[in-house]
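Pasting the structures here.
Here subunit A shows up in two complexes: once beside subunit B, once beside subunit C.
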Partner chain A sequence: MKVLVAVKQVASLDEDFEIRADGKDVEADFLLRDLNEWDDYSLEEAVKIREAATTPVEVVAVCIGPDDADEALRKCLAKGADRAIRVWDDAMLGSDSIAIARVIAAVARREQPGLLFAGVQSADHAFASTGIAVAAFLDWPHAAVITQLAYTPGAAHAVVRRELEGGVLHEMRIDCPAVLTIQLGINTPRYASLRSIKQAAAKPIEVLAHADLGIADSEVGEGGSLSRVRRMYVPEKGRAQMIEGSIEEQAARLAQLIEERAGGAA
Partner chain B sequence: MIRDPTAVTRVLFEDFAPAAIAAFYVVAFAAVTVFCFGVYVEVRKYRRGSAADVDGRLLARFQAMIGTVLSHRTVAHRDRAAGAAHRLIFYGFVLLFLGTATITLDYDLLGPLFGVHFWHGAFYLWFSLVLDVAGVLLTGGLLYMMYRRGWLKPPKLDYTRPDRQPGDPDYDRSGYRREDWAFLCTLLVIVATGYLLEAARLVWLEARPDVWAYRWWSPAGAALAEGLRAAGMSAAAGGALRTGLWWFHGLLALVFIALIPFTKVKHILTAAGSLLLRDPLAAQRLPRVPEQQQRAGAQYITDFSWKQLLSLDACTKCGRCHEVCPARAVGAPLSPRDVILSLREFANRTLESATLPEQAELDVHGKGPGQVAMETLWSCRTCMACVEVCPVAIEHVPVIVQMRRKLVEEGQMDPQLKRTLQTIHKTGNSFGESKRKRAAWTKALPFAVKDARQEPVDVLWFVGDYASFDPRNQKVTQGLAWLLREAGVDFGILYDGESNAGNDVRRVGEEGLYEVLATSNIESLSAASFKTIVTTDPHSYNTIRNEYPDFGGRYEIEHYTTLLLRLLQEGRLNIARQLGLRVTFHDPCHLGRFNKGYEAPREILRLLGCELIEMGRCRANSFCCGAGGGRIWMPDPVGADRPAHNRMREAAAISGLQVYVVSCPKDLTMFEDALKATGNEGRFVVRELIELVREALAHRQAQGAPGVAA
Partner chain C sequence: MSGILIIAEQRRGELRPATLEMVSAAQSARRSAGERVAVALLADEPQRLIPGVSVAGVDEIVTVQTAARDFDPDALEAAVGALIEARRPALVLVPHSIDSFGYAAALAAKGNYGFATDVFRIGYEGDALLATRGGYGQKVNVEVDFPGRAVVVLAMRGNMFKPPEGRATPAVSHFAAPPARARVTGLEFIEPTASDDIDMTSAEFILAIGRGIGEQANVARFQELARALGAVLGCSRPIADAGWLPKSRQIGQSGKTASACKLYVAMGISGAIQHLAGMKHVSTIVAVNADAGASIFSIATYGIVADIFEIADALRAHFPH
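The block that comes next holds the complex of A and B.
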């Protein structure tokens, strides 16, 4: 039995960042990269299944991204993933979340996992669509925002619990194989010591190109995506202004402003 | 003058049947055999530990050990009465042992083998006198120790454990108490029967001038003999008593020898061994994890080195570490003494058997008997107070950090600490700030601070996390920048090339992250051009000074206090006015105890015209603020006392105190909080030494410096 965990190397903004010259993203120098927080929880859930199992379970982490995403995969290996796969080639640049899901689905077809985990969303782009789209491509059942999971490796179904609005819990049984998107707080992710991350560097990461998975060029990259980034920008700040001067001056200025605004509305 | 010197000696086996003499030798050999077997078992136990990193300067080590043992320097350290009493016992015991060895040499070796005898005549008389005095010394020491245990009852001799609950099997360690008393009583009985035996022999042989005429060479024995005679004892009765006592005294002494390796008496050997193997930088420079080693840290008892296993056996439960431990003082579940004793008991149970138990039974982590709980390990501040005070050179800090390394590998730590370590990994600092903001504090200065990576400087200032990012400390940092500029020091910083120095990360037990930080800093430092390093942070100071060399970073580094002192003495900084403040000074662990930087800050305070009132616990005995060992990244239990509060109350007892002076960024944070929490705000203030220096120089900075808030 195998659990496939889809993970992403997300970016967070450094202090005083700058937007890239083409206006479509933040300049890479100003990004701090790390494993997506939700994926930390889904990987932990997979490792917990393996640790509790009486039959062999393999945890495979898969990531779609360039070389520097190896860092996220190494963290997964350090935390207990048995294997790691990274899919990337230059043609995949510009893929939207659905195109990414298509690639993950292809990996799932090859790996044949009993369960496929993804985080509810990524901390940077927050589409919250990749996991669900993978289920659609595979035509597997899916459940989103899982806060508790009961599953015995090899079982025909899993029981999951989800939190709904108003504090209501939603418990459902889902046939396997299935795609589950995991919510924060489902467990306590373990600490990956720097030593274990270093030792994980010795474990190989399998690197594939989209063609290796039988995906056509037209199905990846901007060409294979139905959405595109137009621009990324920081909205102009609000136009609050301090009114200086003595109390009388401030009151007079304030009255004048109200007059202007009210007058304009009338 | 002695008529026939060979006749003036002591009868040994006179009137004994050959069978009795033979029986004595059988018992004696049996005792020595048991002793040797015990030593063998212990040595086998130590050899089951891992390799130890001990340098080979054996002669120098040996000389130092002999010096320490003979002077009793460490035993008398901060407990002069116990030191004096132990000195009496030690010298009494050694002399009596040498005396017995002399008899063996004469009677059993040189005599039978070469027909040479020397144990008679004047030599014998002096021998008698010396041994009689030795017995008195030993008795005096033993009686004082009994008085101490039975009546004085110092709290440090209370073996009740802070890391166990009442009702736990090893809660009060009462077995040790019984052993202590058995040890003292047995030795006392041996000495007392020795004197009585001597007196009985004198009464028995009162008719022999070669014995009786010289009786006062054994003054205590002779006085006792006179007493026995006055009480009406006849020579025959003396002879009968002598025979009985001879066997009792002899057998008891032999049993004592046989039991040395099995009881606390073994410290006479293990303490010497531990002192011989002492690492003077045990806490300052923690051991590296070998590249090839699979597991980091100590999980099994066999992960400790043979040297550490030996030093566990050196502990005599003197309780000094227990007394000075800041964690123990505030009720945390840690006593360095109990960590050592637990591990010792664990080692004895698992490693003394003929074959090793299976590995699972060797795991020292947990709450079982002899195991150490993670709460205990995480309570440690690695302040080194225990290592400094230990009379037998037990090195607690590396033991605790090695056990923490295993907890870190398993992620068994406080969630806040876990987050901090991840933050440090991600951003290179514990504040989670962008690397780019590390030098943001320089923006408030009207001059630019050089980037040592871009242009050569004389002095490279390693700023450290707290001094760089903490808003309160930034003011102090800016203050030092002013002073350096004022003194015309050519200095620069590494800007975003500097990372957390890693001192506390290493003491937390995150060795991998420490290696990353140390390597990254060494890389930045090698890219810069400078002559010396100065730092405001004693923690950075310690690790760069003592630990970076292990990673190839060898630098001349000083704490700012020595640099400022020099600038003041050389007149490059001129004091405009004497402050006339009544102050006390808190020695930071990493500057004082770790690196012996006691004098410079005090000398600066003197130059500033401050009246320094020392706290009871100062210099090597300084009391940790509670932030060390990564504790600054862990929440303290709500409602519990804290080391910083304990320290504030100590300072508050100084009447008329105006300023509590610190010289460490973490101290400033810890003690300003503690000042408020203990309700001392308004009574006195906490100030960095840098701030006082600036105040004393104030007139020269009228040219645009921001004033020091006082």
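The block that comes next holds the complex of A and C.
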């Protein structure tokens, strides 16, 4: 049995950054890359299933992205993934989360996992849609925002708890194979040891193009997407009035604000 | 093709507040005064929800009876998909909520509808529908369009539109939901355990801590500071997930909303959108963070860029008891 874990190499912005000349994204030089925080939890959940299993379980990490996304996959290998697959080619530029999901679904058709995990959302663009769109393309049952999972490899269904607004949990039984989007806090992701990081560096990463998966050109990139970025811009500065000065001056102003606004309480 | 279809959200038979916010969002998205706004009520007893959406700005209410009372992603996807195909609205609004996380992307992918999530503004340029959302941790705005899509589904961010105030008597029609496969079955709802006797929703002054406190050993310092200030200590998700404070202290989308709060001092909280959802309405927010680029400064009233421990110590000295 396999667990396929879809991961993303997310980007955060450097303190100073510039928008690209075409106005549709930030200049790549100003992007800091890392494995998406949510994906750290889904990988851990998959590794936990393997560790608890009495039958063989393989954890396969898949990432859609260019060369530098190998870094995210190396991290997954170091933390316990058995195998890593990366899919990319230039035709996939401009893909939205739905086009990305189509490619992940094609990988799932090839790998035939018993469960497919994705993060609830990505830290950079937070679409919260890729995993559930993968389920649509596979026509698999799906559940989002999972903070608890009970599953035995090979079982016909799993019992999950999804975390609702306000912290209420909703327990559901879901037929397998299924797609689950994993929420922060479902487990405590492990740190990779130096030894495993070294070993991961030597492991192969299988690299595929969309055509290798039988996906037509028109199904990736902008053409295969349900939305298109038209413009990216820096919003007007927020309204915070900055309190400047030394630590003592800043703290004195904060103390004054507390006296004024919460004086009765203090 | 025209018209706006709102998919109301209910949980355990109660309408969720996001529903009425979408009515106002729909008003902002109407292309002409004549464009009709319909609200679909999907529930086991949808007629019970009619009064709740009989508000100004709604022209029609469509009741859709579902087999199960509780959220079933397949049932929702099938019913909403069939409704869209029957009516072909130009725009479909759903809330950007935990329930919609569970089915909206599948609905859009299967129907090939234009699709964007966490949208906080809708506009047009010529005939092109434009949706605005955040990017890179809300540090940029991203405008997306939907070339060639006759139907566009948008998941709308909460707390961006004020619910309408006036009442109305919209026409009511019924729509028969297609049968859905029973692949996902709701078993039970579990209320968060009251691990603590504190009710964050009634606290008027909250001192909230986040990842910036670094390690568990530092929690006690801020507990003591909160006591001296007369504040209730709250936290962002990572602190509760790590078990450093009980879940009942967590402010945000999956935690508590700081409903009664008048003063919110956030220390070492970068300001993930899920945290902001629980506190950005507070009238006075003071954010203390070492990172001048932290998102929380974009919604705070006052900002202090400094080491939170130094500020905490200096602040403590002002409250001698």
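A few notes on this one:
Going forward, the second predicted complex is superposed on the first by the 232 of 266 C-alpha atoms of A that agree within 3 Å, B and C clash if a C-alpha of one lies under 4 Å from a C-alpha of the other, contacts with A are read in each partner's own complex, and residues count from 1 in each chain.
Keep in mind that, in the parts below, a residue touches a chain if its C-beta (ideal position, glycine included) is under 8 Å from a C-beta of that chain, and two chains touch if they have at least 3 such contacts.
If you're wondering where the values come from, they're calculated on a predicted model, not measured in any experiment.
Of the two partners subunit B and subunit C, more residues of subunit A are touched by C.
Of the two partner chains, subunit C is the only one that A:L164 touches; subunit B does not reach it. When the two structures are aligned on the shared chain, A:E15 is found in touch with subunit B and with subunit C.
When both complexes are overlaid on chain A, the residue A:V47 reaches neither subunit B nor subunit C. Touch criterion met: A:S193 reaches subunit B, while subunit C stays clear of it. In the superposition on chain A, A:D34 makes contact with subunit B only, while subunit C stays out of contact range. Residues 15, 188 of subunit A touch subunit B in one complex and subunit C in the other. Interface residues of subunit C, counted against subunit A in their complex, comprise 11, 16, 70-71, 73-74, 96-99, 101-110, 112-118, 130-131, 134-137, 139-147, 149, 183-192, 204-205, 229-231, 237-238, 240-242, 247, 250, 253-257, 262-263, 265, 273, 284, 286-288, 292-293, 297-307, 310-311, 314-315, 317-319. On the subunit A side of its complex with subunit B, the touching residues are 14-16, 32, 34, 188, 190-198. By the touch criterion stated above, subunit B contacts subunit A in their complex at residues 289, 296, 408-411, 413, 415, 418, 421-422, 425-427, 433-437, 510-513, 515-516. The part of subunit A that touches subunit C in the complex is made up of residues 11-13, 15, 19, 26, 96-98, 101-102, 120-121, 123-133, 135-137, 141-145, 159, 161-175, 181, 183-185, 188, 226-235, 237-243, 247-248, 250-255, 257-258, 261-262, 265-266.
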